[in-house]
Every structure is written in structure tokens, then in C-alpha cells.
Amino acid sequence: MSHNTFGHLFRVTTWGESHGPAIGCVIDGCPPGLTLTPEMIQRDLDRRRPGTSRFVTQRREPDQVKILSGVFEDDRTDGPRTTGTPISLMIENVDQRSKDYSEIRDRYRPGHADQTYDAKYGLRDYRGGGRSSARETAMRVAAGAVARQVLGPHILIRAATIQIGNHKASLRRDWDETACNPFFAADAEIVPVWESFLDEARKAGSSAGAIIEVEAINVPAGWGAPVYGKLDAELAAALMSINAVKGVEIGAGFEAARLSGEENADQMRKGAEAPQFLSNNNGGVAGGISTGQALLARLVVKPTSSILTPVKSVTRDGEEVEVRTKGRHDPCVGIRAVPVAEAMMACVLADAKLRHQGQMG
Amino acid sequence: MSHNTFGHLFRVTTWGESHGPAIGCVIDGCPPGLTLTPEMIQRDLDRRRPGTSRFVTQRREPDQVKILSGVFEDDRTDGPRTTGTPISLMIENVDQRSKDYSEIRDRYRPGHADQTYDAKYGLRDYRGGGRSSARETAMRVAAGAVARQVLGPHILIRAATIQIGNHKASLRRDWDETACNPFFAADAEIVPVWESFLDEARKAGSSAGAIIEVEAINVPAGWGAPVYGKLDAELAAALMSINAVKGVEIGAGFEAARLSGEENADQMRKGAEAPQFLSNNNGGVAGGISTGQALLARLVVKPTSSILTPVKSVTRDGEEVEVRTKGRHDPCVGIRAVPVAEAMMACVLADAKLRHQGQMG
Amino acid sequence: MSHNTFGHLFRVTTWGESHGPAIGCVIDGCPPGLTLTPEMIQRDLDRRRPGTSRFVTQRREPDQVKILSGVFEDDRTDGPRTTGTPISLMIENVDQRSKDYSEIRDRYRPGHADQTYDAKYGLRDYRGGGRSSARETAMRVAAGAVARQVLGPHILIRAATIQIGNHKASLRRDWDETACNPFFAADAEIVPVWESFLDEARKAGSSAGAIIEVEAINVPAGWGAPVYGKLDAELAAALMSINAVKGVEIGAGFEAARLSGEENADQMRKGAEAPQFLSNNNGGVAGGISTGQALLARLVVKPTSSILTPVKSVTRDGEEVEVRTKGRHDPCVGIRAVPVAEAMMACVLADAKLRHQGQMG
Amino acid sequence: MSHNTFGHLFRVTTWGESHGPAIGCVIDGCPPGLTLTPEMIQRDLDRRRPGTSRFVTQRREPDQVKILSGVFEDDRTDGPRTTGTPISLMIENVDQRSKDYSEIRDRYRPGHADQTYDAKYGLRDYRGGGRSSARETAMRVAAGAVARQVLGPHILIRAATIQIGNHKASLRRDWDETACNPFFAADAEIVPVWESFLDEARKAGSSAGAIIEVEAINVPAGWGAPVYGKLDAELAAALMSINAVKGVEIGAGFEAARLSGEENADQMRKGAEAPQFLSNNNGGVAGGISTGQALLARLVVKPTSSILTPVKSVTRDGEEVEVRTKGRHDPCVGIRAVPVAEAMMACVLADAKLRHQGQMG
């Protein structure tokens, strides 16, 4: 994780501003010989795309991805294959409405990175948030689609929204359901609750936070590298780096504070080929290394900072102002963070796989 | 963060096993000319040392640190100074009781890294947990003491235990109080509650989890580097990499899910030299860059896995066994994690400072 | 230096194949506020461009660079400025003649990376050399133009061809002359010698090697970081990574073997502000740190491997064949490596500057 | 390569000053299960040790290495084995004569790093060169011994001195001979020539430079990673980072400038399992990837800077002085650089092996 690059062997570098000509990423270190088509990437991008329901932003970004390098097809290979060289992906920005930015040029929108970018860099691309826009997460999703190819079909990564505002979904996870509602809910019963809650928030010019659960099934035991490159430490960084995320927990997470040692211990019995665990409070990782159980994390996404309700702020020059953000914003940015969380987990695991192979052969 | 090294410009590499001849670290990239004595490091180490109360392990580890390189004193400098070359620190292990390890050699202690180290490496140093022992965190504390010198006296880093088991401290933070009780509590009233709770847990052969809060005051606005080297992402990785930590949150953290956009927004008014914030739900970081407010994080430490109460497990060969861990263990490892959390925050900030200087001059 | 990225704080990642849709690079860590226009980059690219004389390839690649991110202009800034976020540069490939590649698809061209890419990756993009094509060096030149902005106008980087085949230029360096002949010669008298030598080589279906000298003037003393990040070690890696380079030397280089200790010592006398050196056998670096003298390196570029003269080889399947490479190839690739060498030195120095600032403030 | 660490997956960090209490290194990322004893490391260290002939320094440094971590032996393993955790090695400094350093404290010895360390850091440990002392290379040799275990017995790395002063050895390489003379010469006939040449230099208070050849046999085709992590680029950095090295070449190296394309091409014929090359001008690497031929490099070591012959210099404060270096110095530091060059090649290859495994599985 260094500036705009993450990963050690499976390395992703992203670039681009919300209202520049394009956004993109370069994926380096990908193994050769993997099938990779734009459609494979597009499928994941479409899950994150704006405008798919009234609960997400209404911007029109078709987000058509192009593969500019790193893939080759000839008559010896059955379809386009990765070559082991850098994969360059690009999405052209097509819905950059030319408009008057003079209002936000000098105002610091609370919750956004306006003040901090100015404090750091002394100047910033204020159009639509520039580099700090959540638009950047499209390239994480694109990279995640490549990472899934590295992991292969056996490792399944999936995420669901489990809480919006104060409304928690039940503990059951009906994963097929996540494709059937606009919230990526794994619990059909919570859907109408969230609908009316978010409709209300939207009408009130407000917004809502959310909690997302993400898991990876069939991760082999042994991935990850103590003591600073721990699998959970890398996952925490990857998830925390997503826009608006304010917390990450693994397994029992913050609940572990309340548990006794014997409640928290993931006891073991004899399994077919490996130990069988009687619980998963560790969330699939112990000592920074995967146990073979489901790798399980949760992350919290703060409520969208762009709201119609006026909030107090200052300008660049210190003048006191009120800020109301009009426009086409997500009432709950947490929703579209679901495929992003999956992508980050895929990237962390792809990197962990390659690093494990590196040390262990 | 890569295997046993973390940091980019202020880089810390640790080494050593619980029952090997010594543990140590190498700190590379430290600016020259800083005063550094063994006493400065020892002061922090003594706060983490075992045997200081009945609520921590009774092992006798004097943890005397030696500086083996990177510091020089001549008559031109007023005391020993860092030279800008690698600082090597070492602590000899003196309380390695020679004992019979045959029992734990083959048994997987639930909650420990026994099963995962075997799954990854095929062999492991089982004496006292080897590399996965919390003993490694002593070197984090040592490195943190050096990091504090890099940050200078104006930046204040401090942490407190705020919850043990189900017992939360109040919201007031009486920081002086943290030095006056065995829990690093910032609230004198919770101390007797935790005492009786932990005495009971200990007698029952059980253990307890804890939540720690850590903050840094006077961090200038502008540190951190989007979008993957975000200050909060690096902090999350650093804290999550501490043994037994299962969750990290920044500012309002998981509570942010329940807040509305206008409640969560850190509104601003005109300040003396910089914007004055009316709240700190962001925990001092926005868009991955410090805002100038207190940098604020919380972490959860799971209950000690080494307990007297028997738990079900298996051996290396798959045989079913019960595991009871005798010996001198912390009933709540969270307590001694308090100085470790401070150290990790210090290291993250020292690195962020140098990287900020690098890009901005 | 890691796969397709180099640099630590000023980091360059390049991507793209010779005959793919485009080539590009991402420059991360660049300081904000620097003026950067496509014209500034184009100026350097034009020096490397094919088709400028009969001594370089006759391919028509206009190599028009586009800046896709990281630069912003508003009415507060005087022209487009870097923002401190990743700078994405792209050149579309326009002269990809659609042709029959079946002949080179299976044949290993001696001196090229055909056999090694196949050995490593199991497949390769054989069109024009794919990723191993010297076309990739265009992006090094583009990145170098950005690096020069980081270094500022005071640091002057310049290179010249000093030997082609067995014909050495004299020791005088008339730097203005390098812009006046097709060889980047700093010695007008050698120009006709090289012209007739290369005309002959070209007619014979052969090719020639070359030696290039590159130097940086006004580098402050103190840049570079012992002991593995030495300035000369990083420069050696950067120059050796250029296609077809087989050797790098600093200062007196291989001649130092013949010198006595007293001949080789760069003796010092009192200077105006810093020591004045009486020679520069060290090439401006001692102990891995710049001395303040000219940073001086030489590199050798092997003769172009693509020649008309048939050479013995094998196919992918081990069948013995003869290979003759028709087409529009440089009779001496060393010539166009001159601006590439300058660019790599600029990138190494920009990174060294930022790293020095990082540690020293 | 970053400050005092090199390697990506097989990572070596060294620390320590010439006259501090000890020097050491930490090797991270080593595969588990490899046999490793102090004797294995000592064997290589003894080849570099001072005092073995009159042609090297007469200091008495037994250089006894200790393994402090990362190796474990129990009754399940046949001897001590690496565990996959950091290997910490240390050598205590025993021949630090307590003496008066006031003379060199303020004087800049030409050719040494005195002036540059002061320019960079503002202070330096002047005792025996401190961190810039060639003593640091002992830890490179120690790390190289571990790297050889990673590579296994099939890959053979060997080096020889091939030129001292103006006296070149013949082209034959009698590798067994290198163990039979004090110069690591692979040509018995040059030995008396070098003896009398160096005796004379020593008597004259002078010193001599040298050229070393180093090669690795049986490196599989396919190691290395274009385009910046090229095997030859990494090797160039590793060798150039050795104290006093001023040039590195691969294969035909600087001679390639004189060759025609057809002379330089390593033509191929059908081999048993892989192409058989008819020459090795490429030095075993093409496009940054190993070809399967011998990996072949040469490096030049400048004459020892510490000489009795007085040379002109200045003090820290700019006063003009003459410097004569008394004491026990190598008349030709190139000789003891032979095992260091082998070690650096071993480390580069161990890292390349692990990285190749990482990407390719």
C-alpha cells in the first residue's frame, strides 16, 4: 500500500479524477495464461454502476472498460489470455457535465476531502471531488475482476449490506437474494424496511450509513505472512482505504471484547483432511494466516457527505458559509461499496496467493 | 507492510522468537541528529513489561534494551545522536524456562497460531508460541519510542483501555489517571469494577477481551497519501497487525452507520489559523489525509487464548484432545496492548511525516 | 524497481505492447504545483522519435502524448499544474501495420526476448516484440520529462553518444553539437565517420553497438541513501533496465582497475562553499551519496538484434531455422537510447531528491 | 533496494558500524525447512575474512556469526531448519582498537564517504568509516550463504579476480585454482605477477584496482521480471552497491559496442531439452529474463582509498590538509570483494527464484 498502488506481487495502481478525461488502472504481476475479456470485468462494474435504482446516484456513467495491454489472443490460445505483463484498464468519463464549479471551488464540504487536499497539496481538482471522488472505486472493482481470475472459480467472494441506519438485517445470509434487490441485502425481509427508511432520508435531504459483510469461502489454510503482512492487517488496510469507510472488523470483531476466552476460542475436532472448527470467531485467520475457514470481515461506511440539508462550513479563505450539496448523490454510499468490498478482498487474496507461492514454491 | 517490515521511509523490521536467544528490531530511515538513549526506549518498554500487577503475566522479563548501531556520540554532539543509519535494538531473552514442550509440541491451542503456522510452514518453533508470541510486540514498543523522537514533543500520543469484558469506562478521559492504575484506565471509577471482574475471570481459569482507544494530538493537517496509502488505512493495518486484535475503527467508527449525514458531518467554523471543527466523527482524517484534529482510533483485543479451562482441539496428526494452558498468562492481554497501540500509532505517524516531507519538501 | 514500476517516492509504472492499442505510464508521488503541459513532454519524446534520420528506424510513430490525470488548471493557477495525484500519460499506437506474423510467431530471434518470454510465461505477444519492444522506452522519456520538472531548471541532465562500433568520439564534449547531428554526438568531427560506418553496416544488413555518456550537473551533495539504495546502485539498475544495455559504469568506471590509489583519489582543495575536487574519478558519488560534482555514467548498448543477415536459430518446437529480420529497424539502437538514458537519470534523481527530503526534512 | 534493505521476497536488511558493538542482518521471506547452521555461514565468511594473506588487511576479526532467530531444531527435524520467520544474524566486533580518532574526525579522506556522509547527515560515526566501512560486506556474505540454501546445490555461483592493476589473467577459468591462491585467481600463472605487483604497490604506500568475474551456472530459463525488475538490472544494482565498485557489465558488456549484430547474436541450435546457444554474449539474460545459459557479470573495484601516500584534502571546516592513512588496509580491496560478489549474486537469484514462483506458481 503506497500512495496509489497496493499489493506486493499482484499490484494495482489506479489513476484518474472524477471529471478528467478518463480513469484507469494498471495491474502488474498477474500470472500469464488466464482468460480475461472486457465482459468479465464489465459484469462486476455493472454491479457498482450508478443509476440502477432510486437508492443510488442517478449519474449516467456507462463505465465501459477497455483493456489496453497485457492480454493477447492468437490461434494457439483459446480466447484472450493474460501474458504476465501489465494489464492496463481504462474507462472514459462521459457524463462530466460542464457546469459552473465556482461555488464549490472555494468551499469546504464537510465530510469530504476538500480541506485536507488543500492543506496537503495547496491546490486541488475540485470538479466532482477530483481524485477523492468515489468514482475511483470503479477501478478497484475492475482490478478485483482480474483478481478473481487469479484466485480461480473455487474461491468464492461475496458481500452483503447487513445494516443501513439503525436497521439491521437478520443473521441469515441468503446469498442468492443479494442479486434480487437494490441493496445487496442477503435477507429479503429487510428490503422494504430499508426502502422506506432511505426514501425518507432522501426526501429529507439527508443520507444514511451502512455496514457491509464480506467473506471469502474456500481460502486454503496457510495464506498470509506474519507479523506485519498479516492477512487480516492487509485486509483491514484494503477495506479502510475505500472511500467513507470508518471501521473494519474480522470474525467476532468488536464483540470479542465481551466474550470469555472459552467462548471465543474456535475449538477443533477431527475433520476429513484438516481440523474442523466448531466456531469462527477468528474470522478465518489466526496469527495473520488463514485457517481454512471462511475469511470474514465487516466494514462500516459513513453516511454520504453530500446532502441537501445545509451544514456549516468555511471557505478556503476562512469565510463562514453554509453548504448544501445539490445534484445526483447516493443517499447511502454504502450500497455501492458492496462490490468494492468484494473487489478489495479479491485483490488482497490474489496477492496473498502469489506471495504464498513465492515463499513456499 | 511486508512480512516482518512495516513503514515506507521510517521502516521497522522485527525478528525473534519467544524462547530464542533474543528478540530485536532494525529501524531504517530515521532522520539524523535526534537524541536517543537506551533509557528513552526503556521507559516505554517498562510500561509494557510483564509482572507489574496481578492482572498481567507473571513472567520475569526485565526487557533490557541495547542499542547496537545507528547512534553516535562525540564531543561535538550533546549526547548520543542518531546518525541516519540503521538503528539496531536487541533484548536478550532471559526467562526462557527450560521445560518439557512435548505436550504443546503436537497440540493445536485454539485461538493461537499453532494450526496456521503448521499449515503454512510445515514446521514451527512451538516454544512459547515462537514468532507468533506477543513477546514480539516489545520491539514494536521499542520502535515506537524512536518514532516519538522523530515526531518531536509537540505531537502527543496516548492510549487508554476503555472496555474490559462487558464493562465500559465512562466517556471522560482523565489521561493522568492512566499511569495510576494497572489497566491504563483513563477513568478512576471503572478500576475497582475491572479489578473484581478480572480477579473472577482469573480464578475461573478464563480470560477477557478489551477495547483500547488511542489518539494523537497536534498532528498537522496534510499528512497521509491517498488513495491506498491513506493515513487511516495504514493505521488500520498497523493496529490490526498487533496480536489478538480483531477490529479497528476511526472516529465515530461503527457508530457512523446509525448517524444521518448531517449528524455525521464535522461542520466547520472560522478558527484562528485553520478551520475549527465542531465535532470529530472523522477521527482526524478525511480522504486519507489528516485534518488537524485529534487522530482517533479504537481497537478490540480478543480474550487471551491461553486459559486453564479445557477446550476441545486436535493434534497435528488429527487426534482429538483437550487443551488446558497452565502457566503465567495475562488474564486480559488487552491491557499490555495499550503501549503497543501507542507505539504503532507513533510509527505510522513518523512514516507519514517523512513521506509528507518527501513529496512536499 | 519491481516488475514494471521503478522509484520509491517518485514512482513510474509503464504498460503497453508494441502493437497493442496504446502504451502509457502512471507517475505517482509527483509534488504538486509544478507546471506540466503535453508540449513539455512532447519535446523530449520528439528527440527519441523514429524516422528523424536514415540512421534510425523509418517507422512512423508520431508519439503524441496525452495527459489523462494528475494535472489541473483553474483561474487561480497560472497554467496547468500537477496536483500531487497520479499522472497518467498515454500514447496511442498508430503505425501497427496489420501484417502476417506467422513467421516470427514461432521463431526465436537471437538477441531478442522471444525465447525467454516463452520460457517464463509460456505465451507471448509476438507482434513487434510485444512488451519487450524498445517502444516501451517512449514512456521512460515521457516520465523523464516530468522528473525534470521535479528537479527544476538548475539541474541539467545531458547525454551524448561517445562511441559507435569501434569509432570513439574525442574526449571534448560540445554539448550544443548534440542537437545538430543525427547521432547526439558532442563532437562534430566524429559525425562523418559514424555516417559512413553506419551506412555501410546498414547496406550489409548488419548493425552496430554504441556507448553513451550521461551526466547531471548541479546535483547537490547529499542525495542517495546507503547501503543498498546507493545513488550509483539505483542509477546502475535504471540504466541497465533500458533495452539492449549490457554495462554501466560510473566516473572512471572500468578504467579504475588500472589506476593507483593516489591517481584515483579525487583530491580536494578549499572551495567557495564546499570542497573543490581536483578530479572526478568517482563520477560524483562516494559511499552511494552525491558529492556535488557532476554525476557521470556511461552505458553500452549492444548492436540491434534485428538484422537482415541470416542467423541460426530454432523454433518454439525446437526445429532449426535461419532468421532474417526484414523491416524498418534501427541500424544502431544506441542512438535513440540517448534521450532514454537522460530520462532514466532524471527519474533516479527526482526520486533521490524526494527521498532525501523525506529523511532530512 | 531501499536504504539498507534489498530484495523483494528474499529480503536482506543489514545494520552496524565498523567500530560499534556488532554488525548484523535480518533475512526475511526465506522458505522454511532448509537446513541452516552457523558453520554453513561461517564457511563463506572465512573466505572474506581479513588477515588470511599479506595482500589483505591484517586486522584480526574472527567474524564469528551467531544465528539469533528463524532457525529451529526439534526431534522431528533432522538438524536445525529455517522456520520461514526472520533470520537474524550477528557478528560481534572484537578488534575495535581504542585509539585516538581526533585526526580523522575532521578530515575528509579522498575516495571515502567522509565528505558525503557529512553533507547528507550533518554528523557521522567516523570511527573506521562507521557505516560506510567495507566491514558491512561481511553481512552480505552471511546473507549470501543463506541464499545459496534457497537456491539449492544444483545452482553453482563462483567468482574470480580476473585483473589487478593493468595485469589481466588469461581467459581460462580453472575454478579449483581460486581456492589455492590469495587472490581468488582462476589462472595459476597470473599469481606470481600479481604478487610482485601488489608487493610493490604496498611498499610504495599505494594501492590497486581489480576486476572480478562472477557467474551462476544452472540457473533455469525464465527467472527475472521485465521491464524494471529485469534480472540484469537487479544484478547491476546489487553489485554496484558493493563498496568501491564503479562499474558492472553483463556478458560481452562494453565489448558489445565493437561487435556487429551478427557477431553479437547468440545463435541457437536444437538442444536436448532447450535451445542450445552457440555463444553467450548476452551473459545469460535476454529481455531481463534468464536464458538458461551461465549468468555472467563483471565488476570493477577501484583501488583502496586508504593509502600511505599523502593526498590533498580539506577538513570539515574547509581547512586544507594532507591525508595519509596509516593502519592495516587492504592494498587491493578488490580481492576480498570476490566472495561478496558471489553473495550478492546468490541473493539476487534467491529473490528472483521466489518471485518467479510467486507469479508462476
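To keep things simple, chains are lettered A, B, C and D as they appear, and every chain counts its residues starting from 1.
We take it that a contact is a pair of C-beta atoms (placed from the backbone, for glycine too) under 8 Å apart; a residue touches a chain by one contact, two chains touch by 3 or more.
Nothing here was measured: the structure is a model prediction, and the numbers come from that model.
*Asks:* Compare the CA centroid of chain B with every other chain's and tell me the farthest one.
*Replies:* C
*Asks:* Does C-D or A-C have the larger number of C-beta pairs in contact?
*Replies:* Greater number of contacting C-beta pairs: C-D.
*Asks:* Suppose each chain is reduced to the average of its Cα coordinates; what separation in Å results between chain A and chain C?
*Replies:* Centre-to-centre distance between chain A and chain C: 38 Å.
*Asks:* If you average the Cα atoms of chain C and of chain D to get two centres, how far apart are those centres in Å?
*Replies:* Distance between chain centres, rounded to whole Å: 27 Å.
*Asks:* Multi-chain contacts only, two chains or more: what residues does chain B have there?
*Replies:* As it turns out, chain B has residues touching two or more other chains at 2-5, 8, 14, 29, 32, 84-85, 120, 131, 226, 360.
*Asks:* Once bound in the complex, which stretches of chain A touch chain B?
*Replies:* Per the touch definition, chain A meets chain B at residues 1-6, 8, 14, 108, 110-113, 115-117, 119-120, 131-132, 136, 163-166, 201, 206-211, 221-230, 232-241, 243, 246-254, 256-271, 274-275, 278, 281-283, 285-292, 300-307, 309, 311-314, 318-320, 334, 356, 360.
*Asks:* Would you tell me which residues of chain D are touching chain A in their complex?
*Replies:* Listed in rising order, the residues are 8-9, 29-32, 84-85, 226, 354-355, 357-361.
*Asks:* Could you please specify the touching residues of chain C with respect to chain A in the complex?
*Replies:* Against chain A, chain C makes touches at 2-5, 11, 13-17, 20-24, 26, 28-29, 32-33, 66, 68-70, 72, 74, 76-77, 81, 83-88, 105, 120-126, 130-131.
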